[in-house]
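Look at the two complexes coming up: chain A is in both, with chain B in one and chain C in the other.
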Partner chain A sequence: MKKTPYAELLAMLSRHRGVVGSFVVSERDGLAVDSNVQIGVHSDAVAALAASLHRKARLACGAAGSGTVTFLRLDAERGGICAAGRDDLVLVTISEARANLGLLRVEMMRAAKALT
Partner chain B sequence: MRIAVERWMEEPLRRFIDDSRVRIVLLLEPSGRVLAQHGFTRSIEVMSACALAAAIHASAAEIGRQLDGTPFTALHHPGARRQIFLGALSTSRGAYILLTVFDDSSSIGLVRLYFTELGARLAAAAPAPAATAPAPGLVDFESDLNRNLAKLFGRI
Partner chain C sequence: MADEIRRLSDDLARDPSSLVFMPLADALRRAGQLDVAMRVALRGLDRHPYVADAHDVLARIHADRGDLEQAADEWEMALRLDPTHAQASLGLGFVDFRRGNLESAERRLSAAGDADMPGVATALAHVRAALGSRSGNGATHDPVAPNVASMPPVAEPRMPPPPMPEIARLAIPEIPAPQPARAKQLFTTALDGAEQNALLVDADGLVLAGMYTDPTGTDVAEVVAAELAGVSSEAERAMRHLGLGAWTSLLVEADEAVVAMTPAPLGSLLVVASSRETPVGLVRLLLDRALTRARDWLARVS
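Entry: the complex of A and B
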């Protein structure tokens, strides 16, 4: 199967310690454009919900006069979800608690700039 | 106000509506008989939507059979402001069709996700099928349809 233009980018993010999955998601549709996930990750569900979350964060920041959302981080008991968007595309990662979130954030912000 | 003709359908459907943030929901049998509705204000609109949904589902299923050997079971049509999703569900009570209309408050990804959950919840909630009944004739169909519409719009 032919690789998408995002395959290398997602593979790079998924190589980070503690990252169990990464996606490029269409914010409007909530559908994964491409993904690189470990077995057991419910990728369709995470893609749809993360896209919805990013959209609501964008609307909230707009309403608050804070401008464009650049990075979204959701911490949970055993890990978290990070998202960085550009236009209609959102880059999403799922990570375990042991992930280096600072490094992941830098890599995601850089990678999000390449999304078209 | 009740949204379903049969009580066991109420909770799964309400949960689907709350979770997916869809505007309109119609659950019907493949024959076009309505079983549940949310978002309509007039019974005549429900009747029209049921007839159209049943026809679209039958056409899509037949196109799928001819192209792919198996019926297509879901259809998504995005409009400028609103989108429709039509999908088939299976329970021990038989096959159902769900027609739903949504806007920017939701997305096709969310609708598909919660549609899958709805199918599982309906299948789990469905009581054992009643003794096999003969297929309804046209007169029975119309009286069933009218009775269901009356229930859904609070006339019974």
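Entry: the complex of A and C
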């Protein structure tokens, strides 16, 4: 399989403690452009849902005059999802509770700027 | 006064569902702590919306803040719940007097009934003198300037009122419907500043309670709610796919705002937004506070 321009970026994010997967997804159709996930993670379904959540957040913030969404974090009892987007692409990570979310946030926002 | 407030606060902390919030709010009002008094009164009214005395206390706080319109609304509500509520009649008489409606003020004060009640006789005498002055010399009477301070906005509080027995609650002939204005203001006292918004949205993206304004002050609650329709179910599905447990919060950072969301009862979604300068930890704290308010309110209206 041919490597996409995001393979290195995703591999770097997946090396973070507690991160079990990362992918780049199109916000428009919810399809994963590239992914780096551990076995057993339902990446396609999660990618589509993460893209939809990002889209809703973007539209709501637009309607409220709050500007562009820079980062999104969905927390659950044992982990969560982080997302940072640019244009139509959204960078998503899935993490367990032990992940360092502060560090992950900084890395993702920096990486999202490079999405094209 | 400080001892009284401390004692009442302790009592309320021991039993948050008690009616002790009324004497506490009134003591805070008399001590000049109007913002805190307002919070205590509103929180108490969330639990006891049909207690006339509670509306009377809130009306006094509004009056002390100079908001006569809101004060009149609350006193009218108190009278709807208890048509013999003398303090509410007296309060409305005060409002009428301040607005220059001297005839109406006279009627209200007379309706307060007990001329021996502290303040009533003085207030009546003052209003009648003003009426006489108006009809006697034809001069325009300024209803606000003369000795308004001598007319107490309400008589000394008869606090604490007796707890409302359940039978009396049943005897209320007509339970007021949920008030749209109150639903809009549901989170006002749970927030920390004017630049914050809180909104309760149902599963279909319709506004249940709260307000959301954009930086220009335009009401955008309905459109924001519509855009967020389905967020709760999508978050739930994502977490189910991942086996990470129930979702607890969704935090969105934007250029100009931090928006926090959390699932609320009946499949609804609670949204709290604040300016970008607000620390994220504080936004989450406000979200927790607003969630408590939303839960109580939904339990009551649903």
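Just so it is clear, the second predicted complex is superposed on the first by the 116 of 116 C-alpha atoms of A that agree within 3 Å, B and C clash if a C-alpha of one lies under 4 Å from a C-alpha of the other, contacts with A are read in each partner's own complex, and residues count from 1 in each chain.
The definition used in the following text is that a contact is a pair of C-beta atoms (placed from the backbone, for glycine too) under 8 Å apart; a residue touches a chain by one contact, two chains touch by 3 or more.
On a predicted model such as this, the values are computed, not experimentally measured, just so you know.
When the two complexes are overlaid on chain A, chain B and chain C sit side by side with no clash. Looking at the shared chain after the overlay, A:L74 reaches chain C, while chain B stays out of its contact range.
By the touch criterion defined above, A:A60 reaches chain C but does not reach chain B.
More residues of chain A lie in contact with C than with the other chain of the pair chain B and chain C.
In the superposition on chain A, A:E8 contacts neither chain B nor chain C. Taking the C-alpha centre of chain A as the vertex, the lines to the centres of chain B and chain C open to an angle of 90 degrees, rounded to the nearest 10. Of the two partner chains placed around the shared chain by superposition, chain B is the only one that A:D29 touches, whereas chain C remains out of contact.
Contact with both chain B and chain C is seen for A:L49 once the two complexes are overlaid on the shared chain.
Superposing the two structures on chain A brings chain B to within 8 Å of chain C, judged by their nearest Cα atoms.
Note: residues 45, 49, 52 of chain A belong to the chain B contact set and to the chain C contact set alike, using the contact criterion stated above. Those residues of chain A that touch chain B in the complex are listed here as 25-26, 28-32, 44-45, 47-49, 51-52, 55.
On chain C, the positions that touch chain A within their shared complex are 197, 212, 214-216, 220, 223-224, 227-231, 234-235, 237-239, 241-257, 259, 273. Residues of chain B that touch chain A in their complex: 104, 106-110, 112-113.
For chain A in complex with chain C, the residues that touch the partner chain are 41-42, 45-46, 49-50, 52-53, 56-57, 59-61, 63-81, 94, 96.
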